[in-house]
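Down below are the structures I want you to see.
Below, chain A partners chain B and then partners chain C, in two separate complexes.
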Partner chain A sequence: MSIIIEDLSFSYAGKQVLDNIHLSVQTGESVGIVGISGGGKSTLLKLVSGLYDVQQGRILVMGAWDSADRRKNVAMVMQSAGLFPASIRDNITCGHDINENDIRRACDAAQLTEWVGTLPDGLDTFVGERGGKVSGGQAQRIAIARAIAKNAYVVLLDEPTSALDNDTSAAVIAALEGLTKGKTVLHVSHRPEILTGCDRIFRLEGGRLYAW
Partner chain B sequence: MLYKRKFLSVITICASGLTAAVTLWWNTQLSDIINTVSVGVSPPKEMVFWALVTMLVMGATNYIKSYISGYTCEGMTHDLRMGYARHLTSLPITEVEELNAGEQLSKLQNEISGVSGYLNANLFQLFDDGIRFLSTFIWLLFISPTLTLTSNLPAFIIVVYVFWSSKIIGSATERSQTAKGQMNQYADMLLTLFPIIRLYDAARITLDGYTSSVKVWENQTVRLERTKAWLMSLSGVLSSIPLLFLFFVGGHMVINGVLTVGTLYIFLNLSGNVSGVLMNMPGHIAAFRQFSVNMKRLSPHVLIIGKGELQ
Partner chain C sequence: MLGEIRKIFKVIGSGWRYIILILLRSPISILMTIVNALFLQQAFNAIAQNDSGQLNIVCIIFGVASLCTFLYNGTVWSVYAAPLVTRMESGLRDKLFRKVSSLSYERIEAMPQGEWLTRLNTDVQMPFSESLPHTAIAIVNICVSAFILWSINPAVFGWVLLFVAPHIVFSQLLIARAMPGLNKKSLEATAKNTGELTALITCADVALLYDGKDYLMKRFEKSSTDLFGANMKIRTRNALGAGILPLFGLGGYLTLLVVSSEWIADGHLTFGDLTAAFQYRGGVLLGSLMLINCIISIQANMAGIRRLNETMAE
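Let's turn to the complex of A and B:
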């Protein structure tokens, strides 16, 4: 099993967001979770990724119970690309020593190569403050390339296409295919049609998880 | 801002004019006392009485001037802060979401504080200096045109230097403020990207980025302070020349019997009102340029409704 969630409950500001969640995801399996906005989907992913500490229950990701260890095993793409005011290269490597071939491979898989080839400075192009010099779709594909370059066992997707228009979404979805190929995936969205490629789909309602 | 507080501003300027007039009158009396004493005669009681009355009046006018100018400046500072707050609250939600908290904080910490500080410390001081300069210069010209012109001629030459140096200080200040804004913006960005930094263990790259923005700010600030120090110290050396001229030419006129000791005393006592004001101009102009740079950055973010009225 790649992910095991046992008896997970979480609340903040006096509100019970997740209530007694149980979920097991097999290695290489793709699981989708659908739910309304504010229903706790992002909170669940933040708990799985180790960004939030578990209040009650347990989460195991690739054999790691501890939050810091879980963070090492996951790559996550969120609604907002979250780019650093740095070059495309630095946004992909995040300052780690990643060789050129792996960076190129990540760009290929994230459908970035063609666009980067048109830039005078290529991978060393500055993306601007808050990614202001690139479009939303390009920013999201850079974020996907970053996730690919991390080469984590588990991929978490938090509505990565919801802020994009239909044309841009198509390119990002193609990039996501490059990211999720052969990985264990937990994908949350408020739109069920986005999750059609998942092996199993669940519904998160009232803090509880139900089969779709 | 001045337009909105026009009544109090006019009163403050009038109080400055009154204070300058009383000061000149006080110097005339002092000159008479010195001239009387210098010929070995005790000053009459009436002369001493009116000198004392003038001193009291001078104290009263100074108090009124300080009180009204302080009150007016505080009012203008309040108008500025309210204008900025109104601008923020009038923005559509989509624009508010796009605002960078670090940049806004930077504006509050730097520009608005700078403008408030300038208004409180310098604005009416500038008017006051201008009034003192003009009234004293005209009066001294009336007493002795030769001494007035010879002692103050070097000061006018220094003014040219002052304008040149203040321009350099102004642009250095702008660069330093921009670098500070970018540094704060980076700090705010770190908060926004905190989840990404943790997930991708990107502390090193963000630290490098922040260190580099701090370095840019540090370099600009050091450069600004160095430029300021260099220009100001040269200005300090130049500022002693008018006083030397005053002693040299004035002393020569007293020795030749063209000028009384009391009149020379007036020139010495009031040299601060003429050449002193000119000598202080680098500071005033540098402060004013800093103020105008801050205002330029702030003005698009201060809501102005109606003719010249800050709402």
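Let's turn to the complex of A and C:
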């Protein structure tokens, strides 16, 4: 099993968001969770990724219970690309020593290569503050390349195309295929049609998880 | 420079109120110089004539004159200056905020967040720095002191001028000229530093997931070091000026003392006249120093005022 969630409950300032969640995801499996906005989907992913500490219950990701250890095993693409005010290269490597071939491979898989090739400074192009100098789709593909470069076992997707138009979404979805190939995937969205490629789909409602 | 100042006061409005403020404040320094000079002149003349009655009258008049000057200054400050400047500054901030809010998102995105914050927090204070009123105070002090000094003894005035002129030239060459550029770099470094700090907060989730905290911290530290370096250059220039320039003042003082001792011995000048001349010399010298500092400060503030004008003109 890549992910095991047992008896997970979580609340913000007394408001219960997740209530007694149980879920097991096998290695290489792709699981989708659908639910309304504000229904706790992002919270669930933040807990699985180790961004939040578990209040009640347990989460195991690739054998790690601890939040810091879980973070090492996951790559996550969120609604907002969360780019640093730095170059494309630094946004992909996050300052780590990653060799040029791996960066190029990540760019290929994220469908960035062609666009980067048109830039005078290539990978060293500054993306601007909060990614202001690149489009939403390009920013999201840089975020995907960053996730690919991490080469984590588990990929978490939190509505990565929700802020994009249809044409841009198609390019990002193609890039996501490069990221999720052969990985364990947990994908949350408020649009069920986005999750059609998943092996299993669940519905998150009232803080509880139901079969779709 | 004047064009930019005029432009920003046109945006702020009520520029004539600020002119009244400058006019009200401009005689303060020269009033104090004259009161001190007349007191010393009359007091030493009375002492030289062994006239204790005259000395008592001089002391009472000095006390009353000092009190009046103090009250005038305090009244202008508390009743007019402070409320006016506060009102004008908040008005400008309000106008700037409305202007920035009306800009396109694309325009806002084009500049680092720190740049906008610097405009709203720091730049709006620059048109209302003390430099403008102090410039007027200094000019009035220099002109009136120089005129009185000339009327006491043209030779004394000549000696004072001989030391004040290189003082001003040296300050201009060494400090004032470099200040606008240095201040611009400092503002840019501040904006970059704020941007890096913002990234530390807004990208905290990505930094945690991808173990990029050290990377962001290093970037923030580098921008902090750059900011420190930019500010240090400004402080070094100021310190250099503060260290070297008093030499001119001291040199002039000693020279005047040596030269005037002969005039006193010959009966062309009383000791009271000399002490009064020193006061007026102080008026010229301190006025010049104040004027130089104000010019440096105004030039430094111009970077911010220009940025405000650019934004308001968009």
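List of remarks:
Rule of thumb we're sticking to: the second predicted complex is superposed on the first by the 212 of 212 C-alpha atoms of A that agree within 3 Å, B and C clash if a C-alpha of one lies under 4 Å from a C-alpha of the other, contacts with A are read in each partner's own complex, and residues count from 1 in each chain.
Everything that follows uses one rule, which is that a contact is a pair of C-beta atoms (placed from the backbone, for glycine too) under 8 Å apart; a residue touches a chain by one contact, two chains touch by 3 or more.
Please read these numbers as outputs of a predicted model, since none were measured by experiment.
Partners chain B and chain C, once the complexes are superposed on chain A, run into each other and clash.
In the superposition on chain A, contact is made by A:150 with both chain B and chain C.
Within the superposed three-chain model, A:70 lies out of touch with both chain B and chain C [touch as defined at top].
Once the two complexes are overlaid on the shared chain, A:49 sits against chain B and chain C alike. In the overlay built on the shared chain, the residue A:86 is in contact with chain B and with chain C. Using the contact criterion defined above for the overlaid structures, shared-chain residue A:96 touches chain B and also reaches chain C.
Judged by the touch definition given at the top, the superposed model places A:128 against chain C, while chain B stays out of reach.
Once the two complexes are overlaid on chain A, the chain A residues touched by chain B in the first and by chain C in the second are 46, 49-51, 71-72, 74-76, 78, 82, 84-86, 90, 94-96, 129-130, 146, 150. Partner chain A is touched in their complex by these residues of chain C: 109-113, 195-196, 198-199, 202-203, 205-212, 214-216, 218-219. The touching residues of chain B, counted against chain A in their complex, run 100, 185-186, 189, 192-193, 195-196, 198-202, 204-206, 208-209.
Across the interface of their complex, chain C is touched by residues 46, 49-51, 71-72, 74-76, 78, 82-86, 90, 94-96, 128-130, 132, 143, 146, 150 of chain A. Of all residues in chain A, those touching chain B in their complex are 46, 49-51, 71-72, 74-76, 78, 82, 84-86, 90, 93-96, 129-130, 146, 150.
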